[in-house]
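You will see chain A twice below: alongside chain B first, and alongside chain C after that.
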Partner chain A sequence: MSLSALTISGVDKFYGPIDRGVHAVKNLTMEIGKGEIVALLGSSGCGKTSTLRMIAGFEEVSRGAISVGGRQVHTLPPVKRNVAMAFEGYSLYPPLTVRENMAFALKAARLPKSEVDAKVASIAKLLEIEDILERYPSSISGGQQQRASLGRALIREADLHLLDEPMGQLEPQLRAVLRGRIKHFIKERGLTAILVTHDQTEANALADRIAVMEGGVLQQFDTPERIKERPANLFTGTFVGEPPMNVFEAYVATAAGRINLKLPDGLSLDYDKDAFSAPVRDQLLSRERVVIGIRPYAVRRSREGVPARVSANQWLGDQTHIAADFAGGSLVLVEHDRTRLDLGAPINVSIDPKNLHVFDQASGKAISHGMELA
Partner chain B sequence: MEHTSLLERILRGIALTLVVIFFMFPIVWIFMMSFQTNETILRIPPQLIFEPTLANYTALITGKLMTAAGTLDIAFMRNLGNSVFLSVTSVAVSLLLGVPAAYAFARHKFRGSEDIAFTLLSFKFAPALLVLLPLTLYFQKLGLANTYIGLIWVYQLICLPLILWIVRGYFEDIPADIEYAYRIGGHSWFATFRKIALPLAGPGIAAAGLLAFIFAWNNFVFALVLASADKQPVTVGALAFITSSGIQYGQISAAIVLSITPTLALALYAQRYLVEGLSLGAVKG
Partner chain C sequence: MASLELKNIVKRYKSQTVLDNLSLTVADGETLVLFGPSGAGKTVLLRLVAGVIDPDEGKIFIGGDDMTDVDAEFRGVGMAFQNFALFPHMSAFDNIATPLEAKRSSQGAIKAGVESVAKLLKIAHVLSHKPRALSNGQKQRTALARALVGSPPLLLLDDPLRNVDAKLRFEMRLELPRLLADRGATVVYVTQDYKEAMALGDRIAVMSQGVIRQLGTPEQIYREPANIEIARLFGDPTINLLDVKPARDTRGIYVGLSNVQVHLAGAYETAVGRDCVIGLRPEALSFVEEGIPGAIPVTVEAETPLNEKIVTLVRTVRGREILVSRPAGTLGRSEGKAHIAVDGKSALLFDHASGDRIGSKNVVALRNGEAA
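This part shows the complex of A and B:
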């Protein structure tokens, strides 16, 4: 990260009067390096699109500052920010063909026609829309419009490429292919891109770093691996990962040199004190109540272990998702083989302390991940 | 294709014919009267066969009205010219003011924008005569009575709210992101309005302009009160055909034919344009 491509510092967004309107983005601060691909990930209404539109200049920044390439832009009109954007609703110009729509973005830059044609051709090939270049937006499918809109953004040379749900309308196979190509395209040209998505597969596949947002607050901004392995809080832990992390409240107790994590329904996860690293053990013992999280992949069936009762069993073609009634809630585990378990069948599960995520009961902040403190 | 039986098609044809005859009858009758003299018009019983005469049109175009009592000067052609001038100018002024205003109301929600838009609409609520009395007094003080400028100004009461509210709806139907996409591509706010918003709302602007034109053309009471003979449009000018020697039905009919021709032509022309504009599928999400 040599140069910063985008700096957002202390940005607030209110819809309506400041401090009284709807607080859509809360004190957002992030820095994105040149050549990075960053995904803003979150559910609907989490503030990710508001953030993108503030960067583009379609929404006013209520408080704080945004710089692109070291230049303060949050008071400039969109035309002066030098950013390109692909819109969620495509927003192609209806009276123009797909080719004209894409070439149009270059018109303002006054490039020679041969160069424009070459660029359109190469982007069209990349996005597999060569055969619809002469058609009008109203006569092509949603997926094709989306690719044309994406092409219109990628064709431009801008300091920042903003992609709002760029692949939401595409078929799964095409999406997988295009993800790879688009990432390659962006990396090859050293572009900086921010994409907004609620699809974590897309975020994981495309982004160098993911910013998880919820309720207008940035929850965590880190690489996909670290977000998966070291979620900063309960929200990130449960939001990222498919199927979602299993979460249970637990009382911490000690008996005869063992640590008991007491779950509802009289169940308890018992571990030897030495099963935890010293700092994690100290943290655990200093608390009375915690929230524990276990990824479904980390739950093992074993002969001894805590009892559970199967409530659903789905074979997805390459893995089995088993849901079980456990400790007053539901526990999901994933196995790679096809497992034959009838509904209501009793099973026993064990959880390796190395796979245990511990969160603070009150704040939801992560305390430890496996053997390491958060 | 829906299957329809022969009987159904025949019945539908008859029904359509009846409707067309019902609505077209007055126009056809007026058209026929315009080629007859008062004597043949007033024959009892009325007859469909007559010897056509162009005397009514000649009288209107030359401005000499022959009556039993003698020759009357009639300013019909001048009235027609006034109608064209007043309507065209009023609609042009309204479009110039109303379209940017409609865009502002559609795109920029500012404090009181709804109230202002509603106030403009409310101009249409008051009965015209209620407005006219004070207006006449003001206009006489301001020297605007019996001037084209004064009339065009008053005509804004008819045209402006209409254009503003219709065009605003069309602007609101254009997704804002299309304009954003254009602006982020390196174009100013004004270029976006001109190159994206205006063409996309084109059919709507044409429809609103046409409607406003028809309303302006058909206006009677404003011009009756505020204008003297040389500034009056055809609607008021037609009163001149009620002469001391009787009502000149033939000339009135010819005058009506001449005065509905421009609006009819415009409507037919614009209809084609409107259908074209809409079938291009203006904006689809």
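This part shows the complex of A and C:
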């Protein structure tokens, strides 16, 4: 991935006059390698869709530059950017059948008919739209249109594939297998793909790296693994992950060689000072208040530990989600086996310092993850 | 205190039968989930119980009393809907108070009732706001508060979490059981989300085309689905379904998967030699070393992480796709050649032609580590 497929340098987007209008994207800089799948992830209004539309050429760049394959493109019209797209506002051509829609760009590129037919057949099979190839867009469901539009983008050879909420409308029974097939397809051909989604599940499933955006600002650009293990701030930590990260405010106290993280309701997480690495310990001891985060899978039930009381126990077939009243709030645990615990049952929970995320109380910025400083 | 009993309910709209001789009993204090695709008849059923519409045939009993011809306001039923249905010109407080106003409760009782339920639902700070000033999550909590405030013995919840975002849906899913249990209400809960159905239902009624196709505990529905369609509706990733023809050898009944014999545990004598479909839940498959008996050779196509699980799409030598899932952090394969093994005890077998599950009883394999 040494070759850069896309470079975004210092890009701003204003709707309205520059510096006075709505500042939708703020000084965005990103580099995406050839063959990467990148997800732009965030809730509505975070700037992800504006970013995608600037890459595609549907929106002007207010400030900064965008290059595709080393070539500056942000002043070029969309058709000159060699970018394939599947998104809203770029819908299927109504007078053409699904097959004709998918074949359109290939025919324009003067590919032989036999090759076009073979490509359409293979993508149609992958997306399970073989039986609607001769239908017109108006006569198929929203989910089918979405798959047809995705097929029309994936079939093309292009420097970049831009996919806007590509699977939002799929029926749930198809989702897992289509995610696997699409990822395999993109990887096998070495395509570079950027998808925009508000669904962190989708981003985690498909992307090599996720760009988490909020308020027009890139919060973190990292692998799914690192975002889970080393979230840059509270926003990223709680936005990515299902069930979400447990978060509590804590006062830091020390006594007799121990560090106590004091929680509401008189509870406290007590650790030997040596349970933390020296840099993390120093950081903790230099602060009065912090915010701690614990992923649900990292909460362990144990004989000792801090008392909590079960408030929900929900078995979903392959996972159990348990909620417990804890420190004036709710603590969520995930276990992979079925757990039999009645509502109201007392449990004790322990949190290994290895799994403790510490955030700055004022800014929300990460201070440490386990034994390492952020 | 209110049980609910529906006897031979028929409801037609013009020539279409939307509920076809449906009978159902919900015990006092039970939460029953109606689960199924849109058009299955779930909402019509709720509206019949509420008394908003009348059945063409059949009887409705609430708390043992025949309510079939009783007007809606005298049935003692609270209801919340997916579109919230709040009065736009009224504050959250006044919206929540409507059932108490209708009962002509005293102003003091209304204030106390609304404030107590608002506190439980964490909307006490927005009671003076009009609906347009509320977030979707607050609207949904306001609608729930209105359904709960009169402590109706029977509560009808029509997909109340459908229009809130994933995070709130998750949070409410964990909070609802206690809210409902505290009120001691009998609940009929409509949803299209299988996780909600399993998490909230004491029992689940799976509906399609106006008929209950299966009624059982979440465990029964998940481990012993009546047919392929129901097996596909519960579980994420979706259950793997592969065509097989069971045969018998000295060790028992087996199916061939990529020329490997996988022996099944279960009463499958009637399936021998028949065209069948085997159902393998992704979590019942695991990556194993080559050479282990029953190991099936596959090629890994893609790895797609999913909420504390890793889902892997693999392809068998015969080109069949299989999804395997495992807890995050456990070992698997992310590319190249690999071998997978089937837990024969948790395999499900279906008749190819009818789609019905085969075997009178299914061996329910409790997994290791099942805590007491």
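Just a few scattered comments:
FYI, the second predicted complex is superposed on the first by the 369 of 374 C-alpha atoms of A that agree within 3 Å, B and C clash if a C-alpha of one lies under 4 Å from a C-alpha of the other, contacts with A are read in each partner's own complex, and residues count from 1 in each chain.
FYI, a contact is a pair of C-beta atoms (placed from the backbone, for glycine too) under 8 Å apart; a residue touches a chain by one contact, two chains touch by 3 or more.
Because the structure is predicted, anything quoted here is derived from the model rather than measured.
With the C-alpha superposition on chain A as described, chain C and chain B fit side by side in the combined arrangement. Put chain B and chain C next to each other and count what each touches on chain A; the higher total goes to C.
Taking Cα centres throughout, chain A sits at the apex of an angle toward chain B and chain C that amounts to 80 degrees, reported as a multiple of 10. Legend: residue contacts after superposition of the two complexes on their common chain; A:58 is shown touching chain B, with no touch to chain C.
In the superposition on chain A, no contact is made by A:266 with either chain B or chain C. Once chain A of one complex is fitted onto chain A of the other, the partner contacts of A:84 are limited to chain B, with no touch recorded for chain C. Residue contacts after overlaying the shared chain place A:190 against neither chain B nor chain C. Of the two partner chains placed by superposition, only chain C is touched by A:204; chain B is not. Nearest C-alpha atoms belonging to chain B and chain C sit 7 Å apart in the superposition, given in whole angstrom.
Touched by chain B in one complex and by chain C in the other is not one residue of chain A. Those residues of chain A lying in contact with chain C across their complex are 43, 172-177, 179-181, 183-184, 187, 199, 201, 204-206, 224, 242-244, 296-297, 301, 311-312, 314-319, 321, 323, 330, 332, 334-341, 343. Taken together, the chain A residues at the contact with chain B in this complex read 56-58, 77-79, 81, 83-85, 87-95, 104-105, 108-109, 136-138, 149, 152, 156. Chain B meets chain A in the complex at residues 175-178, 180-189, 196, 199-200, 280-285. Residue ranges on chain C touching chain A, taken from their complex, read 165-167, 170, 173-175, 177-178, 181, 195, 198-200, 218-219, 222, 232-238, 281-283, 301-309, 311-313, 321, 323, 325, 327-329, 366-372.
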